Each structure stands twice: as C-alpha cells, then as structure tokens.
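Across the two complexes that follow, subunit A remains constant while its partner is subunit B and subsequently subunit C.
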Partner chain A sequence: MKRLSELPAWLRWSLYAAGGVLLLTVVQTLEGTDRLTSVTSAQSMLRWAIPILLAGLGGLYSERAGVVNIGLEGMMILGTWFGAWGAITYGAWWGIVAGIIGGALGGLLHAVATVTFGVDHIISGVAVNILAPGITRFLSSEILTNIPGGSITQSPRVPGVGSATIPFLAGGTIGNWTTPDLFGWLGTREWFFISDFANLLKGVMTRVSWVTLIAVLLVPLTAWLLWRTRFGLRLRICGERPEAGEAQGIDVYRYKYIGVVISGALAGMAGAFIASPELSGIYLEGQTTGRGFIGLAALIFGNWRPIGVLGGALLFGYPFGIGLRDLDGSASHGLILVNAIGLAAVAIWAFTRSKRTDTVLALALSGIFALWYFTTDVVPDVWINILPFVIVLLVLIFFAQRLRPPAADGLRYRKGQT
Partner chain B sequence: MALAIELIGITKRFPGVVANDHVELKVEEGEIHAICGENGAGKSTLMKVLYWMLQADEGTMNVFGQEVRFASPTEAIGAGIGMVHQHFMLADQLTVLENVILGAEPVHALGLIDFDEAKDHLKKVAESYGLFIDPDDLVEELEVGERQRVEIIKVLYRGAKILILDEPTAVLVPQEVEELFRNMRDLKKDGATILFIDHKLDEVLAIADTITVLRQGQSVATVKPDQVTAQDLAELMVGSELPTPETTESTVRDEVALEVSGLTVIDQDERVIVDDVSFRVRRGEVLGIAGVEGNGQTELIEAVIGTSPAARGIVTLNGADVTRATVRHRREQGIGYIPQDRHREGLLLPAPLWENAALGHQTQQPFSKGIWMDRQGARQRTEDIRREFDVRTPDVDVPAHALSGGNQQKLIVGREMMAEPSVLLAAHPTRGIDVGAQAAVWEDIKAARRAGMATLLVSADLDELIGLSDTIVVMLRGRIVATLDPATVTPRDLGAFMTGATSAGAA
Partner chain C sequence: MKAIPLWKRASLLLAAPVAALIFSILMSSIVLVLSGSSPLRAYADMFEHASRLETMIDILNRATPLYIAGVAAAIGFRMNLFNIGVEGQYLLAAIVAAHLGAMVTLTPVLHVTFIMLVAMVVGAAYSGFAGLLKVTRGVNEVISTIMLNAIAISGLVAYLVRLWQAGGAIDPGSAQQVGTTPIPESGLLPDLNVVVEGLFRELRQGKELTGVLLVAILVGVGYHVLVNRTRFGFDLRASGINPFAANVGGVPPKRMVVAAMALSGAIAGLVGLSEIMHIGFFPANPIKGLGFTGIAVALLGRNHPLGIVFAALIFAFLDVSSGVLQFTGAASREIVVIMQGVIILAAVVAYEIARRAREKEEARAAAEAMVAV
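For the complex of A and B:
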C-alpha cells in the first residue's frame, strides 16, 4: 500500500482501473453475462462520466480558490437550458457556448454572494440550486413555448456537435480509409481479462463526441494551469491561506471570482452536454438528476486533484451507465456481487490497518450485498436507479478518509482581517 | 547617516480604538531598530501601515528620503520593504518554493512559472545568508524555526532592503533565537535595515542599535541600548517593575490528577511521533516539558486533550480512564487547554469575543442554560475575563481578529483559568504577552497551583519553564530523555539536553 502511493498519479490510477476491470471480469464470468464489460457499457459509462467530470473539475476550480460550490447542480441546470436553446437557435456548437455562459452567470451570482458579500458558501449554493430551476422555468415559458415543438417543461430536438472514432486503436477513419481496429480485434478474442479490457477501451474510443474529447483534455490542461502557472499558484493560495496571498499583494477577491466563474462555466458545459444528443437530445426539466452533486462527490473522491476527479467520474459514471441500459435488471444484479466483493476487500484492507469500525461496517455491508445477490436473480426496477447512488455513497464512506481539501476551503474571507 | 524610514504623525484608528496616535519614528539606514511596547500598544498596526497592508488615516511616510504613498503591499515590496508577520503567513500544503515565490513568480510565456530559475534564485538568496532549507519540502513538515526561515527568505527573495520582523523570537527556543540574531547581523552587514518587535527585553538590548517605545499608540521614547537597562525599558513601556518568575515552595500533594502511561502517537504517515511516554502529575504540581518544537510535545498534549488519537497507552484523569473519551467529556471533567497556536486552535477569529470565551466550555456554566447558550452569562463572564486578565478591547462584541496578538492570548488564558480546571494543559501560555501581563499570568498559575491545580506546561521560554515547574522532563524525538530538577538546572544545561548534546539520565 505504501509503495503504491509513491507511484505517479497516472500510473496509480491506471492500476486502480485495471483492478476494477479484473473484478468486473470475474463477476461477469460468475454471472454469465457479458454486459459488464461490453463496448456499449463503456460507451454509456463515458457519456455519464462526462457531466460528472465537468462538474467535478468545476468544483475543483472553485474550491481550490477557497469557495465551496454546492451550487454546481443549479449552474448545470442553467447549462441544460441555455445549451438546448443555443443549439436550437444558433447551431450545436453555439449551444455549448451558450451553456457555458449560462453556467458562468450562475457562478458569477455565487461569487458575488460569497466573495463580495461574505454569505456562507453553503447557503449561497443552495440558493443557486433553488433559483436555477425557477429561472429556467421562466425562460421556458417566455421562449421555448414560442418554438415549434417546445413547451414550458421541454424543448424540441437539440442538434449535436458530432463525434469521431479514434483511428488505429478503435478503427476510426482517416479521410476515406478505415484504419485497423486494435481493441476491437482484441475484444473479440475472448481472452480472459484482456478482451474485457480491450472492449472497455474500444467503448471509450468509439464515436466520441467532440465535447467529450474537450472535457477529457481539460484534465491535463487543468493540472497544468493550476500547478504550473502563476495564475494557478495565485488561485491556489486563495484556497489554502488567502491572508498569505494578501500579504504578498495578491488580489484575493479577483482570483476567487475567476475560480467560481470558471466553476460555473464548466458546470454549464456539463449541462449543455446533458441536453445534447449524446445523452438526451432534448431539454427536459429536472434532467440533471443530481449530477452536480455527484460531480462534487467525484471531486472529494479525487482528493481535489484533476486526475482523481477523472477517476471518480468514470467510477461513478459506470453504475449509472450500466443501469441505463439494464432493462431486465441482470447487469445490475452483477453489480451487487461487485459491491459484495469490493466491500469484502475494503474490510480486509481496513482490518490490516486495525480500523475496527471500518472493518465491521464493510463486512456487514458486504454480507448484506452477498445475501441479496444469492437470494435473487435480477434487480427490481426501482433499485436499478437507486443502486448507483448507493455506490457513490459507499465509495465516499470508505475512501473519503485521508483527504486533503484546500485548507481554507469554505471559510469566509474578508480583506484586511489578519 | 541617511534615514531609511521616517514616519511623521502617523495616526490609525479602528472602531473605538486609536491604534496609532501621531507616531513619530526615524529609522537609520543599516541599523537594527527595535519597537517595544505592551500588548495593544499599536506595534503591529504601525508595521502594517509601514507595509501598506493598512492605510494610515493621517501622517506622512518617507522611504529613503522620498515621501511615498502606496496603494498596496505590492508597491511597498517594490520600494524594498518586506514584512514577516506576527502570525506566519504560510500555506501549509504548498511547498517552500511555492510559498516563497508567491506574488513574485518568474515566468515564461503564457504565465508558466520558471521553477528552475525560481529555485536557483531561492538557493542563492538562502545560501548567502546561511538560511538552509529544502525548497521542495511541504511547509507543514517544517518546524517552527524553519518556517520562520522561509518567511525571512520570502522577504529577501524580493530583494527587500528594509525588513520588518513582528515578534520573530516569540516561537523560538534560545538556540534558534541565537541563530536568528546571527542572521540579522549578517543582513545588517550587507546594508539591510531591520525593524523588529520583541517582548523579551534582554533580547532587545542584545541586538538592537536603537529602541523606540510605544505606549497606548504613541511613541514615548527613542533610546540607545547602552543607555538603558531592561528595568528602565519596562518602566517606559508599562510603568511597572520587571518581574522574574521564581519558584515558590512546593505545593505538590499526593493525589495524582493526570497520569499518562505508555502513550504512543502515530501520525498519518505511520511515523512514531510520541514514543511510549509515561508520567504522573499530582495535584498542585507543575510538570514542565522542555524540547525543541517538533519533538512530540504538541502531539503529546493533543493526545491528552483528545484531539488526536493515541495509538497505544492510557490517559487517566482524576482516577478515571479517559483514553477513549471525547474531547468534550474530558473538558467537562475539568481539563483546561491553552493550545500552542492561538489562531489555529484557540479562537474563531471572525466571531465576537463572548463566543470565543465560551469555546471549549460551551456546555458548562455560565455559558449554557439547559440546551441553550446563556448569552447573558457568557457576556458577563467575558467581561470578567477582560477585567481580570486585562484584555484591551473596546467591548466584548468585537470580533477576535480585532484584538492584538497578545490580547488574544490573554483572552485564551483567561478563558481557561476562569473555569478553574483541575488539570491545565498549557502550551506556551505567555507566548506574545508583554512583560507586565506575563507576570500576572504566572501569578495566576501559581495561585491555581496552590489551590490544587495540576499543570502540564510546554514552553519555549526556558526561564518560564524553570520558574514555574516542580519537575522538568525533556522530550527528544518523541521520547522522554531526561528528568531534571528546576532548582538546580540552568537554561544552558537544559538547552544541551533539548538538542541531544547531553544525553544520559536524571539530575
């Protein structure tokens, strides 16, 4: 364990991923299904992961600047509406831009309240979450109802920005030439684990939306921006020790504003993505279903680091993606076994570190999941939708213990009070 | 000689307080100039005005003969002024390098920080003054003396010619103070001008070229160290005599109030921080713990109060095992706690004084009435603390950050002492408190000790440690390495034990 934590982040996360896939493969073999590691499962995982990733990265910018942003959900809602409206009126790419602007406005509101007026961050965030659906409802009644096919709760069809398949690895085309499909070939070999891994990789590389590509590229970009540039250092000092920044003549308020507005912009982009054909292809009231909050969960799971947020987004996106296509409840049934085994592993790990409460809790939960698994054949409808949230909760319970949030995260900061 | 700084008629008002009242100050180029004055005299405020973190309401300021008017510290830094604050301004989770370059980052195109250049520059600055530090260390892993070095490097990195050091020695043990003074003399040799604040008058007399005394916001005297004694200085500051802590006859009784056996604390990275420590403190006894900071004293105290868990060992309070008890339970059983870092663990800076006075005692009289806070009682108690411990404040509704550093400390000491604890855990109880008030705190601890209070005392001030303790133990790398008798030990011997220069058993 100790040596693992000394590895570079990307390698460590790759190993975690490999471990996860191995677990899925084993369960899949026991369960006699192929849905856990199919190409389409990976595709829907990625689609679900993107809004979570964007919201999580949004939260990262805000919290690194010291402002807790639980208003991500509201900003995402603004993004769905503006994204749909922009795409319908001006075209797909403008939809993304409009979504970003809509979310950024939500962020600006949060910044004004928390930074300028010193309102408690949670209160302001909740206010944004309450306000956003009201605003979109109002805008719908004023604008969407005048568009053919639109109503007060939904829009007509939203156009998408298009997608691409990665050449060579997943058989994408260059010009008219269809390149070889490495992972596709590996995936059909039926080699234990290797084929499963290849399928999942092919899934995340097939018909990838351009927005998805941008979102994934934002991960290294964010890491670079926050840890390599002057802007990033100054933004981070606002989340760690704003007084220290102030003493060096840094305009803390300005950086907090920038952080929170970027945060809103990314949440808005997530919203626009949800409304795009990648996930919905329509604006529909209430369609974000708490993904802003799950973005926050990914942020926490990822220990306030970009690559960790990506890990969290994929991890949380997976059960949602599985649940989405699981009409008969058999794939979710497999997930239950995954949970049982995962929790048992946690119990062993906790035991070796003599964490008594964790051990007992994980063991008990593992037992419950195992019992559930062996006494049923499928997961009933309601549980298919609830299960992913349960998984998010479990992950946070056991993995959110040794975290390092920015030291001044969520604290009210006033100039000249040191 | 030319003047580096001249302040003429500087006045700074806060609601209800005139912190600086037409202050006059002349600092010559290349001198070490000390500012003395009791808590709340306006020293820190004056320094912040000089650094333009605060804007003066009246008065003018000349730097190297030129009248200046700045908008922010950035411009003051540009004019060659640098400040090390009374409370460190460092981000724990950032590296030394990041903390140092902040606000003065060398950059490539696109705002990309040139870390190589930054590191070179830092190393050059650090080496030329013998300030050794690894730029890649996280600040949280550093000991207090090292943190201070980072703060000083931070100022030098910007090429400051005028250095302001606000109470730099308060957190240091004597060896570290000597090292700091050596650095200050080196800086002076290189032509730097240094302004510094210190409550320890013998230190002031040892290093300063000129001393300016502030009293209630006014500059009352400027003297040369060879013309005055510590006694004279104290009289100028507070109009009272200079106290010395001296041992009174033992009041140790038989009943054990606090017993710790086999206590071991392990940190997140699984390093052993406190290693199998055992001791007893009886009623009426003061057990002093000596040690350079970072040798486990803090963690030991935290394990006794319960804020960090003990991996092994037993803590017994007045006969009851409290090893697994919550902090609140231990508090309610009569533990008083003066934490070492008043900002981090002692106060809620934005909250009013009366709320701060209730911290840690919120479930007890006179702060609570059933499940409710008793605001009336809390206010009354805060007024009592203010009176008895001489906390200088316009009223008890001001936020804690509006108090001067020493007055914040007095509030904490007052809060704990007024609750009449049976066991007091005191980490640097008089840190940042002026000489007059320090004597009062010592008297208070002695009175409580006569009444049966058991005290665990950690202090960097060896005179305080020797003067108050009935027994002294020395901690080194998490272990108790010596048990000494304060009646016979000298600060010099103690220092040798603390650094491990002398090992061996007891005296």
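For the complex of A and C:
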C-alpha cells in the first residue's frame, strides 16, 4: 500500500474528510442526535468556513511571498465596513468589490511598512489591527450615521448577491426543470455513513451563495496560479529564498507587494462576506470576532497549501456552524467525544512512530476529554465557541514540528544585502 | 575608537517618535478637514481640557493600566518574544483575582498583596503555558497566544463571569447582576486624592486618582532594575539579541523563554487591577483592548521604562480627548482612534528608518576609526 503522504493532496484530504465523517457518524449514533451530519449543519458549516477560507488563502499569498500577515484581522474588519457600505450604496456585488478594495488598501499599508520600510511583520500586523477598527469607526461616524437605520456601530440591512443549488447532485433547477436530487435521495436512505456523507454533501451544495462558489473555486485557482505558473514560482521564491530570486533578476519587492495586497483583498472579501446576508446581513462593529486569526490558523493547519487551507477552514467552521443550531447542547457534547477519539488516534499514530512523549500526552488528553464526556450530560455553551481555537492548539502541539512554512517567512529582506 | 557624539545619538533617538507624532497630527488634520471639521479647533479643545486638573486625573487613571500592559509586552519584546496574549492574560487574571479576593478575609495590606499575587500567578501561568509550548513543542508564541486570547476571552472569562456573577455585585439602581462578589474594603487600594489635594486643590466630587498608579510606578522601577541592573536582565537582553551566543555563554535559552513569558504574563496580570480596585469587583462588561493597546504603547515607547511612560500618557490623553470632542462637538470623537493607529504605524516605520540610519552611522564611524589606525 502506498503511504498516505505519497497520495495526491486532493485524494489525501478527501480520505481525511471521510474519516472525519465516519467519526461524526459513530459519535452521533452514540449521542442520539442527528445534528452532527444534518443538511443544515453542513450548510452553516460552509457559511462559517468561507470567511476563514478566504482569510487563510489571503495569508497563503502573503506568506508564500515571505510576509507574515497577522494584520488579516484588521483587513477583514475593513472588508466588513466597505462591503456593507458598498452593498447598501451601490448594490450587492459592488459591496463585494468594495470589501475587496478596502481589504487591499489594508494590505497595501502592511506591504509599505514591511517591504519598503522593513518593519517587523508582526509589529506592522499589530499596528494594522489597531488602525483598522479606528478607520471603520471614524467612517461609521461620518457616513453610516447619515444613512437611515445606520448608527456609529452598525449599518442598515445589507443586500445579498443571491444563491444557487447545484443541479443533479443536490436537486437544483435548470430553467424551469428541477433536476434529480442524488445526494438528497441518498441522504434519506438511512444507510449508515453513506447517508450521513450524502447529507453533508447536499448541505454544501444547497442554496450556495455565488460568493461562496467563487471562494471555493479560488482554491484550485490558487493551487494552479502558485504552483503551475511562472508568476507563482516567482512569488514563492520570494518566500523561500529571496536572494536566489534576486539573483535570477526577479523584482522581489514587487512580488512581495503583490502577495500582500492580494492577501488583503481576500481578507477584505472575507469581511464583505461576513457583512452579507449569508452570515449577518448587517455591518456590526466587532463582528469579525477574531476570524482573521482563525484564517491564519487554517493556513498553518493546512501546512501553507491551498487544499489544506480549505480543510482547515471547514474544520474550524464546523463547530461555529453547529453551535448556532445546537439548542439543547447535544451536538456540542458529542464533539467532546470526537476530540477524545481524535486524540486517541493521534496517540496510536505517535505510538507507531515510537514517539513516547507524544503518545503519553495524546493519551492523557484523550482520557481527560473522555472523562469529561462520560461524566457530564451538558456542556457550557462557550465550549463550542472556543473549540476551533482548542483544535488549533492541539494540532500545533502535536504537529508543529512536521509543518513546513516557507523558509524565509517573516524574515526581513533588504534588496542587495546578500 | 571614536564614538558617535551624544547629541547625534540623542537626536536620532528622539527624531523618530517626534516625526511619527507630527506625521500622525498631519494625517488626522487632513482627515478632519476632509470631514468638514476644523483641526485647529479640535486640537485647541483637546489641549484646553487636558490642562484641567480633573482631566489630568482621568489621563493618569487611563495611562496606569496602559503602562502596566506596555511593560508586560516590553518584557517579551526584549527577548524577541511576541506576547500577543496580554489581552487574555489580564482579563483572566482579573476575574480570578477579583473572585478569590472577595472570598478571603485578611488585614488590609495582606489582602491587597494577596489579590495582586493571585493576579500575577494566573497571568504568569497562562502566558508561561505559551512559553512552555514554544520550547517543548516548537509552537510559535504569536500563534499560541492569539489562540489562548480567544480561549480566555470568549471561553474562560465569559464562562466564569456567568458562574461567579450569581450572588455577586448588584447595581442598586436597576437591581441587576453586574459582576462578581464585591471585594471587602480591606482588599482595595486607597485612592491618591490626599496627595493630589495636598499638592493642588480640592477635586471635584467623584474624581479620584487610582492607587494602582503606585503599582504602575513600582512595575516601571522594577522593570528598569531587572533589565538593566541584574544578571537575569542581562541574560534576557543577550538571548534577545543572539540566543546562540547567549547559549554558548551559559544562558539556557529554553529556560529564558519560559521565564520571560511567565514574567511578561505576571505583569500582564496586574493590568486589570485598575478596574477591579476601582469598582471593587469584576464587571460583566470589563474594559477590553488594554492588552492590544499595551503592545502599541510598548512599541511606541521602544520598550524603555521611561519611553513607555510617555507612550502611555499620549495614548491616554487621546482616549480621554475622545470624550472631550464628544462633549464640545469640535470633531468626530473617533478621530483619536485613527490618530492612535497612525501614530503607532508611523512610529514603527520611523524607528526602522532611524535604526538603519544609526547602523550606517556606526559603520561610517567604525570605518573612520580603521582609517585613523
């Protein structure tokens, strides 16, 4: 049998996903709920995953060009304001465009500080994160308060761009013809695992916003652009060995600028999505709630690769999506067991590689989660809000040393100093 | 070797922050003009109010937690560690300290010491965990402290507030739960009104200068002594400049990372004191953002004990001025948030330019010295 790491990325991640769904199915049966793999759960997972995905892809462009971008949060904040303002003033699609431009301006600021002036990337990112809410607050006080229904902290309703259901697979319509609904049919068969998988797939294909569709398509597009084109090769060399790029005659500064501005643009698009009716339908101060940072986490989780970022975004979007619909807490409670089993799997994996510390640590953590699961029936609702962050920490604790960031990521680069 | 003259060094040192200030005043003036306000009137209002004794008290009260947060961040920066988690550390420390402080009965001095110790221990443990993850598992502290921030703020603190609010402080007006159980009088630091009124004049009703100011001063002095006058401080700076060289010199880098993170967190734990000592309990909606602003304050103050004082005062002045502008209507109060953001961004850029200018100057001086030999 071929080793997992030799498989193509899409296949490997599909296998991980299948494993995850199997785990959810088992736990859900134990817990006596159907919420973990329902169609609506998958729908809200995707909605919550999109901003994380866009921010993560944004981080990918920036960090592949060698610039660490913790300013994603601030750029996302700019995106929410500009997105809402653009959509209210000029229409839904212009809102997305405005959000992209707003975020890109934030990216430009970060690029000027880090690339032109050589400021430490983390410091500049912190500064952008402090400046961005100041800008939006000021703009709100100047502009939103003059719009009926708007105030200094929020906007009136934001229009959305509309959505579509995928034909044939999830029963979308072509013209007036309602196509067959393959996954819907499978989902109602009550076949163990297959129906659960079908439900989740139907969920992510039903009433999908056009922006969501674009965001998902950005994953293969990014993979192609960064790994199959000359532009991508040049951008990536700026993140691996900028001196080598310089020796090749590449204008390293230019590529870093491009990377960071694209990064901001995508974070801005994420912000516009958050303000759109897909998630909020309103601009509200502080509504990003750290999702730019989670995008960064998805980037790290995905080992600085597009498909990995998608995997991370779905994983981190899932608990958020579940949390909103989980009124009696049964799904949240079940996710404790998912954690315990996941950690047990990590323990087995570590054991087969004779990593003693990792095995013991994973087993101990797994035991704690299992104990928590079996001794309680309800969990505090804050648990589901912090679950994504806990997962990131756990992933980093066990796999930080296996990750491979771009070699020159976060390092100061000055032209002609090699 | 010929050293660089003092005046040149001093001007290089001061040029950057002054340039950053001027730049941000310029930028905000442009914004104000564009939004149809008079920048001159706005600045006049801000300074006119800042010259009043009551406003100065407000500024000092606001600068106190900012200074402590700035020192907390600076301790990490000195070792090239980015403790982004000051925010989570201070909120978590404050709620635990307020709760435990309300549960015990002690004599006045002991009680205050106990609350401060609890806050420091909680902060140190929470940030020390990030340090531990860094040295044992190779987890970058920027990412781990960001995650720990979220876990503390939207998880632990949100949970504990609800848990400990039951039977806690009650607002007499609305009879609603507003926070944790009030700390007895013996656990609160007295205000410093006696000093102010002794020096100047009677304060208006309700104004008080926070006693935590003394804690901030102690923190500042302690930070100066620790970094510049002790073996630990020397090791800290050495590891920050070159961990490999420091290691060869007998400074265990891993232990230094954990120690620096824990110390940074211990100081961060004190940030929340100014709120719990003022109102006597941890409120349901505490003042947030002090940790992030503290990072900015440390950057603006160049991690220097006195530099951070000025940075904290500038940020506090701007914060307080926002209320003034609201009151006089000279400009949108939000302009001060933009000013803060621009100052910090301009300052880090200016420091970078100054650093390069200084390096060039040093290289030139060294070259001249070589020629002279």
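FYI, the second predicted complex is superposed on the first by the 413 of 418 C-alpha atoms of A that agree within 3 Å, B and C clash if a C-alpha of one lies under 4 Å from a C-alpha of the other, contacts with A are read in each partner's own complex, and residues count from 1 in each chain.
Quick note on the criterion: contacts are C-beta pairs under 8 Å (C-beta built on N, C-alpha and C of every residue); 3 or more make two chains touch, one makes a residue touch a chain.
Everything numeric here is computed off the predicted structure, so don't read it as measured data.
Participant: Based on the shared subunit A superposition, would you classify subunit B and subunit C as clashing or fitting together?
Facilitator: Clash: subunit B and subunit C overlap once superposed on subunit A.
Participant: If you tally the residues of subunit A touched by each partner, is the higher count for subunit B or for subunit C?
Facilitator: Partner touching more subunit A residues in the overlay: C.
Participant: Which of the stretches 203-211, 257-265, 293-301 or 365-373 of subunit B runs into subunit C once the two complexes are superposed on chain A?
Facilitator: None of the options clash except 365-373.
Participant: What residues of subunit C sit close enough to touch subunit A in their complex?
Facilitator: Subunit C residues touching subunit A: 31, 35, 82, 84, 133, 137-140, 142-144, 146-151, 154-156, 158-159, 292-293, 295-296, 299, 332-335, 337-338, 340-342, 344-345, 348-349, 352-353, 356.
Participant: Which positions of subunit A touch subunit B when the two form their complex?
Facilitator: Per the stated touch rule, the residues are 2, 228-231, 233-234, 236-237, 240-241, 243-250, 402, 404, 406-407, 412, 414, 416-418.
Participant: For the complex, which residues does subunit A have touching subunit C?
Facilitator: The touching residues are 70, 109, 113, 117-120, 122-124, 126-135, 137-138, 140-142, 152, 289-290, 293, 296-297, 300, 380, 382-383, 385-386, 389-390, 392-393, 396-398, 400-401.
Participant: Which subunit B residues qualify as touching subunit A in the complex?
Facilitator: Of all residues in subunit B, those touching subunit A are 53-54, 72-75, 77, 83, 85, 87, 89-94, 98-99, 101-105, 107, 110-113, 268, 270, 349-350, 399, 401.
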